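Each of the two complexes below includes chain A, the first together with chain B, the second together with chain C.
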Partner chain A sequence: MFDYNFHWRPVMKSLPDLLEAGLLTLQVATLSMIVGIIIGLALALIRLHLRGPLHWFASAWIELARNTPALFQLFFFGFGLGAFGLHLSPFTIVLAGLSFNCAGYLAENFRGGFQSVPDTQLRAARSLGMSAWQAYTRIIIPQVFRIVYHPLTNQLVWAVLMSSLGMLVGFRELSGETQFFASRTFRIFEYFAVTAIIYYVIVKVILGASRLLAWRLFRY
Partner chain B sequence: MQQSISFFSGFGINDLWFLGEAALRTLWISAVSISAGTVLGILFGWILYEAKFLGAVTLAPVLDIFRSVPLIIQLVLFYNFAPIIGLDFGPFGSGIVVLTIYTASLVANVARGGIEAVGKPMRRAARSLGLSYWQDMRHVVLPIGGRAVFPSWVGVALGVMKDSALVSVLGYVELLKASQILITRTQEPFLILAIAGAFYFALSYPISRYAAQLEKRWAQ
Partner chain C sequence: MIEIRGLEKYFGALQVLKGIDLDVAKGEVLSVIGASGSGKSTLLYCINGLEPIQKGSVVVDGTDVHDKATDINKLRQKLGMVFQQWNSFPHLTALENVALSPRIVKGKSRADAQEIAEQQLKHVGLADKLNVYPNALSGGQQQRLAIARALAMEPTYMLFDEATSALDPELVGEVLDTMRLLAEEGMTMICVTHEMGFARDVSDRVAYFHHGVMEEIGPPGQVFGDPQSEHTRKFLSNVR
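Showing the complex of A and B:
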């Protein structure tokens, strides 16, 4: 029954490459989070304060990002845009797909955050002589940040996990690299087991770091 | 005049049928794994709640692994691991097993949250009115706690429905895989992806809206 011989040596040999690919995964996830936060913030504010076409655009983005599979979104940026003669590199596909997805999910988090700060606070800040910019950056944003901090960390973890879909569009991040090595040596199980461990460590490091950061940030 | 032979042919009515069948397969695999995963998840959630210390040191870390490793890696790992120990599930079976455990790991937290949402005094009151432990669970905790976490359960279920697209890596022809096959043949990525995306959206959007409305109504 159990006549399979595990061969770990090829995996150990390519471990440095895998770790490097892990860094690429982390990079693309972080980049897409940064883009996602900026766009998500804009979408949330548009959806809260504006009417008309821009509002519809923001709503459409948010609902599309949240109600279709991430893999579909990647395929869309991969093949779908090819219909218009736009061929992106695998890195751009993954970055664009993840940013699109993160922006949609984060926009809803931000919207919840903004709604939980009462309107009266903004008016009070304004009547104390603060400009709108000051009121936002000194009164509203710090409170919202505290509320969305936890969802933000979760979203970063999701971004790391989702970046593994890059494997299916030919991007050589951690999963893609693993598949490349695995299909060359036919040690599929061993390679993917090691990759699973690397992902687990990455996720735990992110969560640990965010907890440390939260402890430092929200002491008061 | 000789007609030129083309390997590509346009998108026809038969292809729509093919997509429809694939969509049914998506629905089927998600329905089975969501129901099985929910039952298992509720059981896990109950264990986590009742066996506080024991659950936290044994079950919780195991469930945590399934939430910290990308689903796609879990699928590939299980699909290649099962034959090693002499089991052969095939793509569909492997997909069901992995999606079920994945769902269970997510539902476990939801279920525990639901049990915790019912106040201790209320449960003591139920017990002192003569309800047995299981009666208390069935007639007090289930209606009240279930209501509290129903929206988040819907979120989990919809997430799994969307993530079922990843089973395509094992060669199971669900909706997204079918559209990929059609794209290769017809070279009409935009149209086909739009159809596939519309299906997911049409399924996910109304349900998530309904859950959001329920949440709002129950919060009053």
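Showing the complex of A and C:
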């Protein structure tokens, strides 16, 4: 029943390419997190403080991002826009799709964060003569950041793993690259086993770095 | 000089201040007493523009607080405020709590702001807590930190909103002592308070608020010894 012979040599030979693709994965995940944090912050603030069309827009974004498959969101930026003649590069498709998704999830994290910082903090800051901008950037957001720090780490891990969907829109990140080699050599199990380990290591490094950073940042 | 004329304030349909006229001169210590919900805290928020008003005016040293053309952030530098919930910034050390606004609002250098902060923390008796985060301070210490933070902006006026109401009884004294010290130094203060001893001993005048109306104002001896209003008399007989 089990007459499969493992051949690891082809995997080992393409290991440098896989590791390079791993860097690309990390890159697209990190970039989409950065975009996601900026947009997510904006969406959360809009949803908390504005009424009318902008509020509906933010709500719709958050609803769609959280309640539809991430793969469909990627397909939208790939084939969806493609149907209207707008052809993005695979990298851009994945970056846009992941950013869209992350922004939606992060917006809800940020919203919870903002709601758990008491209003009186804002009043105290304003009473000292700080502008609204100063009060938010110096007093409110640093406190929110601590509250959402661990959810933020989780989201980055999720972005790394989710970027593997990129192979379905032709992006040669870690999974795409693995698929490419696997189908050329037919050593499918070997390739994906090694790639799984690479993903695992990437995630563990992120978690370790995040813990270290938290220890440096939050001394209160 | 703070000049309040015909001040009316509504929360929705509820009128919480019903036409207040009040002058506070430089160097004066005014205590505002009255039951909860009488509008005395709201008065303070209207004075530094944290709450908008519906009618009347508040003028601080000739500047209308509620005029749209007023640079409120600049005006607030004159009006230090201390809250019931002391509101120390939890992510900053005591020193950073105090040094932040002189630096980012007044544009002082880091070194200058630090020096001012150290000086003010020493002033309120927290010289040994410079690099401590607020969560390691008692309520009384955090309230004194809040006082130092307000003083670091070198305000002309200090507004105290029930500064001791949220404190454990054994911690009230240290905060009142700090407020007494400020009064002795000649700071102009408006203190919304439930501490009748403080109101009697420290203030130049005492105002009694009842349902959004300033029922009575006068020297503490008169307000406590010979209240003119029936409501004041009743309130004072209940609190003592």
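Just so we're on the same page, the second predicted complex is superposed on the first by the 220 of 220 C-alpha atoms of A that agree within 3 Å, B and C clash if a C-alpha of one lies under 4 Å from a C-alpha of the other, contacts with A are read in each partner's own complex, and residues count from 1 in each chain.
Keep this in mind: a residue touches a chain if its C-beta (ideal position, glycine included) is under 8 Å from a C-beta of that chain, and two chains touch if they have at least 3 such contacts.
Note that the structure is a prediction, hence the values are computed from the model and not measured.
Using the overlay on chain A, decide if chain B and chain C clash or can fit next to each other.
After superposition on chain A, which the two structures share, chain B sits beside chain C with no clash.
Look at A:I34 in the shared chain and tell me whether it touches chain B only, chain C only, both, or neither; answer first, second, both or neither.
In the superposition, A:I34 contacts neither chain B nor chain C.
After the fit on chain A, how big is the angle at chain A between chain B and chain C, using C-alpha centres and going to the nearest 10 degrees?
110
In the superposed arrangement, which partner chain does A:L213 touch: chain B (first), chain C (second), both, or neither?
neither
When the two structures are overlaid on chain A, which partner does A:Q121 contact: first (chain B), second (chain C), both, or neither?
A:Q121: touches chain C, not chain B.
Per the contact definition in the header, classify A:P142: touching chain B only (first), chain C only (second), both, or neither.
Second partner only.
Considering only touches as defined above, state whether A:T68 meets chain B (first), chain C (second), both or neither.
It touches chain B, and chain C stays clear.
Let me test your reading of the model: by the given contact rule, A:L50 touches which partner, first (chain B), second (chain C), both or neither?
neither
Of chain B and chain C, which one contacts the greater number of residues in chain A?
B
Classify the contacts of A:G129 with the two partner chains as first (chain B alone), second (chain C alone), both, or neither.
A:G129: touches chain C, not chain B.
Have a look at where A:L15 lands relative to chain B and chain C in the superposition and call it first, second, both or neither.
In the superposition, A:L15 touches no partner, neither chain B nor chain C.
In whole Å, how close do chain B and chain C get at the C-alpha level once superposed?
It comes out at 24 Å between the closest C-alpha atoms.
Please identify the positions on chain A that touch both chain B and chain C, taking each partner from its own complex.
Dual-contact residues (chain A): none.
Looking at the complex, which residues from chain A come into contact with chain B?
1-2, 4, 63-64, 66-72, 75-76, 79-80, 82-84, 157, 161-162, 164-165, 167-168, 175, 188-189, 192-193, 195-196, 199-200, 203-204
In the complex, go through chain A and note every residue touching chain C.
Result: residues 118, 120-121, 123-131, 134, 138-139, 142-143, 146, 219-220 of chain A touch chain C.
Which stretch or stretches of chain B touch chain A in the complex?
Residues 65, 68-74, 76-77, 80-81, 84-86, 158, 162-163, 165-166, 168-169, 176, 179-180, 183, 188-190, 193-194, 196-197, 200-201, 204-205, 208.
How about chain C: which of its residues touch chain A in the complex?
Per the touch definition, chain C meets chain A at residues 48, 50, 73-74, 76-77, 79-81, 83, 85, 87, 89-91, 100-101, 104-106, 133-135, 146, 149-150, 153.
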